[in-house]
Structures are given as C-alpha cells and as structure tokens.
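What follows is subunit A paired twice: with subunit B in the first complex and subunit C in the second.
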Partner chain A sequence: MAGLAASFGSGAMTNSIPEMDDADAFFVIGSNTTEQHPLVAARIIEAMRLKNAKLVVADPRRIGLAKLADIHLMHRVGTDVALLNGMMHVILEKGWENKAFIAERTENFDSLREVVKRYPPEKTAAITGVDPGTLSEAAELYAKSAKTMLFYAMGITQHTTGTDNVKTLANLAMLTGHIGFPSTGVNPLRGQNNVQGACDMGALPDVFSGYQRVSDDDVIRKFERAWGVGGLSREPGLTVTEILHEAGTGGIKGLYIMGENPAVSDPEARAVERCLRKVEFLVVQDIFMTETAKFAHVILPAVSFAEKTGTFTNTERRVQLSRQAMKPLKGCLDEWKIICGVATRAGYRMGYDSPEEILREINEVTPSYRGITWKRLETVWGIAWPCPNEDHPGTPFLHKERFVRGLGHFDPREYMAAFEVPDEQYPFLLTTGRVGAQYHTGTMTRKIPLLEREAPGAVLEISPEDAVALRVREGSMVGLESRRGELRLPVHLNPDIPKGTVFGTFHFSEKNMNALTICALDPVAKIPEYKSCAVSVRRL
Partner chain B sequence: MIPGALVVCPFCGCGCVFHLAVRDGRAVGITPINSHPVSRGSLCIKGWKAHEFINHPARLRSPLIREHGIVREASWDEALDLVAKRLCEIKEKHGGNALGFFSSAKVTNEENYLFMKMARAAFGSNNIDHCARL
Partner chain C sequence: MKTLAKEMLEGLLRDISRKALVYCPQRNERGDLLLLPLGEGTTDGCIGKTPISAKICLFPQIEDVVMFAGDGISKVTDGRETVVFGVRPCDMRGIVFMDRFMSRDNLVDPHYFARREAMTCMVVACNEPPSETCFCTATGKRPFLTATHYDVQFFDAGDYFIALAGSKKGNRILEDRHFKAAAEKDIEKVKRIKENSSAAGMAAGELEDAIKKLAEDRVDGLFWEKLALRCIKCGGCAYVCPTCTCYNVQDYPFEFGYRRCRSWDSCLFSGFTRETSGHNPRATQGARLARRYEHKLKYDLMKYHEIGCVGCGRCSDVCPVGLGAIEIVREIALMP
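Up next, the complex of A and B:
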C-alpha cells in the first residue's frame, strides 16, 4: 500500500473485477490466484477462453494459473525487482513504451531509464533464472496488448523489499500506460474479506478513516471536534509487529486483540508467544478459543459474520452491505456493542443504536465514504470509493485523466537480495503461503469437515529432485530447521516447486511454519519477509 | 426452501455475496447469486461451506476471566468492567503508548471504525493496526 500510495497517491486496487471481461492481457505476479482468489482466477480463465485474452504469470512455483499461462516466468524467490527492471529494459530498448503517457502523466522518467539500463537480459537472467527470450516475450505481451491488467498479492509484498517490488510494478504500468483506463491498472488482491475496509477505517497507526493523517493539525482538529475530545495524539503509533516486539520488552503493557490470531499468523512464533505471555493485561475478543486467546486475561465472545449487520469493503474498494442472517448465539455479543461497552466504562461515552448510525458518522468524517450511505447500499451490489456525495456513482477505476497525487511518480529501485539467504548450514529456501481449501490460521476452515478432507494437515512441499538427494519419499518425516525454530513434518513431493526451494503453510497451528519464518521487515511497510528464509531439511 | 439473508462471504477479499439460509437457529446452507458482479452464481469451496463453522460447538459462549492461572466464566458486566478498569490503570500509570490495539480484517467497517475511535479517543493511543501486513 505504501508503495502504490507513493507512486500514484492512493494505495488500493486501481481497477475493478468486472473490467476483467474486457482486458486483452493479464500479468499475474506473486499471487496464487486459483487458490487464494478463486473467483478472480475464474474470471481470468474465462477471458482467455471466451475472448482470447493472454496471460503472463511470474511465480517461482508452477502454480495452477502458470500451467494455463501463455508465458510463465519462473523467477527465483525474491528477485522480483530484477525481473521487472529486466522487462522494462527490454521495453525501452525495443521502443514499446507509451511515450505520450510518460510525457503527459508522469515525472522522474529519466531516473527510471538510468536504473533499468543496468538490467540487460543476460544480467537479469543471472539473477532471476529467467532466460532472455522468455523475458522479452513477456515484456512484449505486457507492453503491446491494448489493455493489460496487472494483479499481485502477498508474493510481492511479503519481502523486505516489498515496497520496492510494488513501486517497480507501478513503474512498469506507467511506462506502458496501462493505468488510468478501464481494464488496466495495478491491482493488489487483498486476502481478507475486510482488509481494505480495516485500512479505510483507520485501523492503522498513522491515519484516521479515509487515510487522513494523524500528523496533520487540521485533521486532528476535525476529529477532536467530531468526537468531542481534546488532546488526540499527533504521533503515529506502532504496527502489529512493533507492538508485539514492544510487548516483549515491556513497553506495551496492555493489549486488546479483536479477531486476530498473532500466535499463529506472525513470524517467529516462539518469540510471539514469549511476547504475549509478557503482556500485563491481554484481552482477546473472538468467536473461538484461538491459540492467542489461550494467553488472554479476559476473553470476550463475539458474533460471527452471519449474526451481524454491517458493511465490508472488498479488494476492489466495493463497499457492500452484509445482512444479519440469524440472531447472535446465546452468550455472544455484537462487536460494536462490546466496544461501546468498554469505551463508555473507560469514561468516554459511546452510544449508538445500530450499525447504520455508525456508518452515518463514518459518512460525515470520511470524504471518500461520504456518499456511501446505508440507504443506497440496501439497493445495489455495493459502491466503490471514492464516492464524495450521494449522487456520485462511485469509482470503479482510479487515476482517470490524472493520478490522485497529480503526476505519476517513477521511483526506480535496484535489486536487493532477501535478508536471509541459503548457506551451507541452512541450504534450502523456505517460502510460505496458503492453500485453497484452508484459510489463514485455520480458526474457521479447520472446523469444516470437507475442507479438512481436502487439506488435512501440514506438509512440507519439496521438489522430487531434492527428495532423491535427501533420500525421502512421499510422506517421509523430515526435520525442518531455521535459526529460529524447528518442526517435524511429512514431505509432499511436488514437481511444480524448483529445486532448492521448499514450501509450507501456516494453517495448522500444531505444525506452524511461522515457527521458522523470520521477522525481517520491509523498512517502509513493515511487512515481514514470510516469503523467504533459509532452512535445513534432514531425513528422520 | 427460503434462500435466506444476503451475506458477504467471510473469507478472501473477492467479496462474494450469497444467501445464507437459517433453520431453527442454525445456519444450514448457502446459495450463490447469479446477479452478483463478482460471484456471478459461483463460489469457491470455502464459500460453499462458510455456514459450517457458525454453530460449531467450540464457539465461545461466555466471557472468560483468567485468575491465578485458572479460567472461569464471568458475566458481561464483570468482564467489561475489568477490561475498562485495567486498561485505564495502565493508561494512567504509563500513558496511552503503553497500550496496543489489534483491529481485525474480519469485522465490519463500522466495528473497525469504532475500535479505532476507542483506541484513539478513549485510551489516547495510536498503537492500532491489523493484519493487513500478514
């Protein structure tokens, strides 16, 4: 998000899902779309079948979509910047860039040219493992198709170079003019049903709702007036990983966790447990006894999605109304009522009759949500922000005619290796992710029998070549170790994984890959490098 | 059979809306919607089964308080009083920066907004974040 905000002025998916029907080509990088965003993947496949759209996939694994792609760039984990700079090198060399777009809508192009000059195909191949011919074909397909949509996900962001990766994608889209028009754009696919909304609502350390900065005096005055308080802090707060770290060192003494499970989802799980144990007072609000709740001093039973009414914002910024399907289970309380109860008891009165009344306040204080009213949402399949007033239809694609920040900003980045790379002691590269039949820490999906049948437990995926070298076969137990932890688990031989790389998930708390992952953060976005760390694998 | 209320899927960010059918207080089934612009009558394997964890016996049904290592059931009043009291004590002794708040990518916009408002207005802390980075 930070990367896109710097390049374009807004850190969200630029275009919408229905626009995919009219795209001529798709470029998917760092997204296992068929598993993680199945309905988006279905749309890509449909456009290929019905409209002859083309597909380029860049992924270190031969993922489902890669098998259907016209071109698969199987680059090494963590070499995205080099790969994309290499593509831009080819585009500039062949003159496939969009000169008019660059001249009219962007700035700092000369410095981009300087940097990508240093990534000729042979050098790119040496870093990424992608041969020059394939690289050139991919660059041609991306640049020369009339309307190309670019999609990415955590495969791009969960690196210490995540912000660099995103800025480099933005550079590629601006270089070719595939942004600011229907069926184009740079589109980060969001992994949770309301991760976009949580960001929009200011559940972030540095902004209020609608990305209004806490460091801005006018913004502070506005919220102090709206909320009837004084002395709101102008100092940006800490991120999730920083808060946990501070909890471990005693800086954070009270922690209130609503609907998250950091004991499983965060890197270096053993260190996270230590931090959670150290917190003086830990509140967990959830629907199940999660691994995190086991450390809590107070556990508050909330309601599930089916028992509540409210709005969710999907990956394409579409705000939709979700209706209550059933009454809260006996003993459980709506999240908003719990929050009002705590705040009021703490001496700050919060009284609302309904989620509708809360949305009305959001409309008042949040310019991008001003026109997204409850009444309108009752009759349509959502409205995409920004929507400045009630007569505004919403904004399916951003940056039309001008970027939110004015001119699009080229910020060329150099390739940097991952924080921890394989060595003699830890010769394998571990990359983590999710599988299609489970979801995140498994709190919900592991209670669904059919999904447990499809993905019943943790395995370590390794290439058949490595299996031979390790003298293991399907189902053999191995010991997996990093500098931060170890696990014993069975192997699954997967010919779609490159030699030297192993893959695991964090769905299964009893065999959690995050025991091994590294808490090396991207310096800007503070996202941990889940996608790459060094491990050893040994036959047991 | 009645299709049930229009509900946003709880899993990924695609934002499919489906009908969630309820019978005798139990979620019993899901029907996709042809006219929905993302779902278009389809769902993934997780979406089709999203009703199955709602009435799961492992759902938490009472506030719980841990005292001297033992967890016991408590009333809502007692639990909320304790949360407010302890957070206020920490704030008064060490300031709002000694508190942290993890909001959720799983709850509604309204709930995220209120949680953020509570952290900032009631407890004076900007240490609020959620799992967008994870």
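Up next, the complex of A and C:
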C-alpha cells in the first residue's frame, strides 16, 4: 500500500479484473494465484487458452501457474528487487522502455537509470539464481507486449524489503508504460473480501477514510465537525505489530481485537502470547472462538457475512452490497451495533440506525466514495472508487492520463538481503504461505469437513534432494527449529520447491509455522518478514 | 394428448401446488434462471436450461439422513408430493440414470426413492437448444424423450403446449381443468417439432472419437496432467452434473443431539480418494480428471451400455477454466 501510494499516489489495484480478458500478457510475481485467487487465475488461464495471452511467473516455488507459464523465473526467496532491477537493466540496454511515457508522465528517471545500471544480467543471476537468457526473455515479453498486467500478492509484501519490492514493481510498470491504460497496471491481489474496504475506511494508523491523512488540518476539522467532537489526534498511531509489542511492554493497557487472530497469524507466536497475557484488558470480537479469544477478558460474539447487510470493497476497489440471508444466531450482534454500543457506553453517543445511514456518512466525508450511494448499489453489481458524484460511473482503472499524485515517481531501490539468512546452525530457508483449501488461521475453514479433508494438517514441504540428504521420506517426522521456536511435524516431498528451501503454512494452530517466523519488519509498511527466515531441519 | 395454452400454465401450476410442492424455472431478483419452488421467483415464460438440473429436487446439495437424539436414532426421509415443471429431456435421462445407480445391487437408497416416488416430472422438449453448450444429439439422443420415462412431456407449439402423458401420474395431471383436447393437426405438429429439433454444441464425430480413444486406452496420464494444470479444484462440474451422485457424510451437532447429513462430493477433490493411511490411489489432479472422464465415457459404457453423460453441457457452462465435457472431448478428439 505504502509503496504504491508513494509511486502513484494511490495504494490499490490500479486496474480491474474484467480487463484481464483483453490483456496480451501477464506478469505474476509473489502470488500463488491458482490457490489463493482461483477466479483471478481462471481469467489468466482462459485468456491464455482463448486469446493466446502470454504469462510470465516469478516465484521461488514451481507453483501451479508457473507450470502453465511461458516463462518461469524461479528466483531465490527475497531477491525480488534484484530480479526486477535486472529486468529493467535489460529493458534499458535493449531500448524497450517507453520513452514517451517516461518523458510525459514520470519524474526522477535518471536516478532509476543510475541504480539499475548496477544490475547487469550476470550480477542479477548471482543474486537471484535466474540465468541471463531467461531474464532477458521475461523482460522482453513484459516490455514488448502491447497490454501487460502485473499482479502481485504477499510474496512481494511480506518481506523486510516489501515496500522496496512494490516500488520496484511500480518502476517497471512506468518504465514500460504499462500503467494508466486498460488491461495494464500494477495490481496487488488482496487477501480478504473486504481488506480493501477496511483500508479505505481508515483502519490504518495514519489516515481517515479514503486515505485522508490525520496530519492534514483541513481533514481533522472536517471529521471533528462530522462527528461533533474536538481534539482529534494529528499523530499517526501504531501499526498492528507495533501495538502488540507495546501491549507486551506495558505501553498499551487495553486491546480491542476484531476478526483477527494474532495468536496464530503473527510472527514469533511465543512472544505474541506473552503480549496477550500481559495486556491489562483484552476484548476479542469474532464469529467463532479463536486462539486469541482464549486470552480475552471479554468476548463479543459477532456475525458472519450471511447474517448481516452492508458493503464489501473487493480487491479491484469495487464496492458491493451484501444482503442478510439469515437472522443472526442467538446472542450475536452486527458489528456496527456492537461498536455503537461500546462507543456509547464509553461516553460518545454513537447512534446509527442502519448500515445505510453509515454509508451515507461515508459518502459525506469520503471524496472517493461520495457517489457510491446505497440507492445506486441496490441496482448495480458494484461501483469502483474513485466515484466523486452520483452521476459518475466509477473508475475501473486508475491513473488515466495523469497519476493521482501528478507525475509517476521513480524511486529506485537497491537489493538488500533478508533480515535473517541461512547459516551453519540454521541452514534452511523457511518460507511460509497458504494452501487453497484453508483460510489463514483456519478459524472458519477448519470447521468445514470438506476443506479439512482436503488439507487435513500441517506438513513441512521439502525438496526430494534435501529429503535424501536428511534421510527422510514422505510422512517422516522432523524437528524444525529456528532461533524463536520449534515444531515437530511430518514432511511432504515436493519436487517444486528448490533445494535448501522449506515451506509451511500458518493454517494449523497446533503446528503453527509462526512459532518459528521472525518479527523483522518492513521499515515503512511494518509488515513482518513471513516469507523468509533461517531454520534447521532434523530427522527424528 | 392434450393442449395447454401458455397463459394457462401458471394456473395449472397453482392448481397442482394445492396438493404438492411445485418447482419450475423462475428468475431471482438478479435475473438468474433457477429451478425454484413456485412463488420464490418470477416466471417470464422462459424454461431455458437452469444451471443445476432437476437432480436438486431429488438429491439436494445437503440433506439430513439420520438423526441421533437422546437414545433414539431415526431415519429421515422426505416423501412430500413434488411436481417439477420444466425438466429438460437431458435432465430426465439423468434422473433415469440416477434411479438405476441408487438401486444398484439391490441396495435401494431410501432417501432418494422417498423423494423419487413422490415426484412427478413434467418434461419440456427442446425445439431449439436452450444454450449453445447443449449437445445431447452428439450422445446419440434427441432433445425429446421417446421412452416413457416422463410423467408428462410438453412440446412447444408456439402459443400453446402439446402435452403427452407417460404414466398414471401424468394422466392425472392432464385431467386438470386448464388442459384442452388436442386436435388432429397437433399430432402432425409434434412430428414436425421432433424432426426439426437439434442440439449442436458438439460434433457427433468428436464424442465418438473420444469414446473410442478412451476405450482403447490411448489417452495417457501425461495428457491428463497437462489439462489438469488448469483445474482450480472447485468441484463445480460434479455439482451441476445430472448423473453425478457421489456424496460425503458428516455429523453435525444440534440442540438435542446430532444430525447426520450427506452432501454432494466431487471426484476432483484430493481427499475424495485418499485412504486413512495417507495413500491416495488418485494422487494427482491429472489422475482425478482422468478418473472423472473415464468413469463417464468408458466404465459406464462397459457397465450400462450407455455413457454417463447426457449432453447437457452444464459442466462446460460452469467451469471457469474450460475443462467441461465439450472442451475435454475436443482435446481428446484432437489427439493423434
């Protein structure tokens, strides 16, 4: 988010999903799309099947989409900046850059040229493991296709260099002019049905709804007026990982956690547990009992999507109305009613009477949502923001003719290694991710027998080569250890994983990979480096 | 033989609904055509091809089969009188296929047959294929029924239907006040409709060729593995298939005990064939895709002398990655 906002002025998918049908090429990096966004992957697959679109996949694992791809760049975990700088080096050397676009729409190009000069193919190969020929083919396909869409997900962001990775992707798109037009763009695939909506509504430390900064006096005055209060803070708050840390050191005394399960989902699970025990007052609001809620002083039972009416904003910025299909279960309340009740008892009379009234306030205080009214949502399949007024059709793709921030800003980044790299004591690189049949910490999916049957428990995926060296076979138990924790679990031999790398998920709280992951944060976005840490694997 | 003016259809269904649960194709608020209980949507005269066949009225996606409450165990069956209007000939063939499967080896499925015996099927023959993925004619069938598997079969004669009864239940339906006696010319009309009907979503030669190659074991694992790279394992093809009958069984707690439910399953899920030991005889997605099509186009043919595909094309409609029967048959036919 932060990376894209700095480069373009807006942190969201620049283009929309239906545009995929007309793309000539796709570049997918750090996204296991067939497992995590299967219907987006289906669009890629159909565009390839029916329209002969081309596909480049960059991923350290030979994921499903990589097997379908025209080119697979199997770069080492955490070397994305080097890989992308290497691609840009080739593009500039061969003159495949879009000179007119660079001249008219961007700034700071010279400094980009300076930096990528330092990434000739041989040096890039030494860092990433991708041979110069393949790198050049990928660069050519990306640069020379008329309409190329770039997709990424957590494989890009969950690194200490996450913001650098995103900025470098933005550089690549601007260098080739693959942004600001239909079927192009830099498109982060969001992980939940409404995570875009949560960001849009200001569930971030430094902005109000619609990314209006808390440091802006006019914005502060507007919200003070709308809410009838004074003295709103102009200071950005803390990020999630920082909040938990503060809770552990006593800097934060009370925590109110909604729809999140940090006891399993946050890195260094043992330290998280310590923080959750330490905090003086913990409230957890969720639809099922969770590992986090076990530490809570108060649990507030909320409702699932089927029990409530409201809007969701999906990955392509499209706001859609979702209607109640069943009455809330006994004892459960709509989240907005719970929040109104808590606020009122805390001394601020929050008296909304319906989701419609809440959306009306959103329309009033959020320029990008101004035209997305309840009445309109009742008659259409959703509207993509920005939508400044009620006659505006919505915006399927951003940055047409002009970037939101004016000129697109090249911010070249240098490659930096991951915070913790394998060494003699911990010789393997552990990368974590997800599988298609389970969702995050499994609080919902593990209650569904069919999904549990598809992915019934934690395994450690290792390459057959490493398995031979460790003298283990399919199903053998191994001890997995990092500087932060250890686990015992069975191995699954996966020929699609490179030697020296092991893979696990955080779906299974009883064998949680986050017991081992590292809480090293990206300095800007404060996302932990879930994708890379050093471990040892021992045959038991 | 009787006739029914089209504007009388709703009256007929309302008459029937006094004694039975009536399903017919209706539109929901978003305009999707679905097979719904009468009154749950709006009718606009379109019968079309609903995304899920009439199978859903007999074999619901999820149903209770046994209840455990206190010391008691009770079997749950649903024998409500049900009348389904708008069953397509392919759907009816699917139901006949399921009848045989659900009573094979003298193992009669009580839940299925409780519904089946209480069900009346009002088939509507297809003058025109309801969608471009229809290919019943490629399977050697026609878009109307010749054997009397139906209770009533309707032919669309423009502003009225010509209705023929195929069973006692069907005869009783035709006694309703909304029907009129058919005229001599209607016999001729039915004949002409039959002659002109077609469904051309697939060339007949392709299916024959694919069946032959499968029978001769000429389709190898590599072929399936390559295709299966596209499969996103959603199970949609099995869910919409009129002849798919696989289900899974789970127990769920409720206020007074446990309900044992069965729900649709799919051979494209990895857990479907995985054994307790962890061994999976269909270990890869390619092997699972092969199993699906070998079952339909090879083993069913060996066992029942007919393929397990009625040519409705629903799997091709629903598959997001082009792995429905039409595409798979074409890929096999294109093989050398």
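Heads up, the rule we're going with is that the second predicted complex is superposed on the first by the 540 of 540 C-alpha atoms of A that agree within 3 Å, B and C clash if a C-alpha of one lies under 4 Å from a C-alpha of the other, contacts with A are read in each partner's own complex, and residues count from 1 in each chain.
Assume contacts are C-beta pairs under 8 Å (C-beta built on N, C-alpha and C of every residue); 3 or more make two chains touch, one makes a residue touch a chain.
This is a predicted model, so every value here is computed, not measured.
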Touch check for A:Phe281: first (subunit B), second (subunit C), both, or neither?
first
If we overlay the two complexes on their shared chain A, which of subunit B and subunit C does A:Leu68 touch? Say first, second, both or neither.
second
Output check: A:Asn108 vs subunit B and subunit C. Expected answer is one of first, second, both, neither. What do you get?
neither
After the superposition on A, what does A:Gly475 contact: first (subunit B), second (subunit C), both or neither?
second
Compare subunit B and subunit C by how many residues of subunit A each one touches, and report the one with more.
B
Please work out whether A:Gly231 is in contact with subunit B alone, subunit C alone, both, or neither, and reply first, second, both or neither.
first
According to the stated criteria, A:Thr134 is in contact with first (subunit B), second (subunit C), both, or neither; which is it?
neither
When the two structures are overlaid on chain A, which partner does A:Arg453 contact: first (subunit B), second (subunit C), both, or neither?
second
Where does A:Arg49 make contact in the superposed view: on subunit B (first), on subunit C (second), on both, or on neither?
second
For A:Gly341 in the superposed arrangement: first (subunit B), second (subunit C), both or neither?
first
Doubly contacted residues of subunit A, that is, touched by subunit B and again by subunit C:
38-39, 42, 436, 449-450, 454
What does subunit C use to touch subunit A in their complex?
229-230, 232-234, 248, 250, 263, 265, 269-271, 274, 278, 320-322
Over in the complex, which subunit A residues touch subunit C? Could you list them?
34, 38-39, 41-42, 45-46, 49-50, 64, 67-68, 436, 449-450, 453-454, 456, 475
Seen from subunit B, its contact residues with subunit A in the complex are 4-17, 20-22, 25-27, 35-40, 42-46, 49-56, 58-66, 71, 76, 79-88, 90-91, 94, 96-134
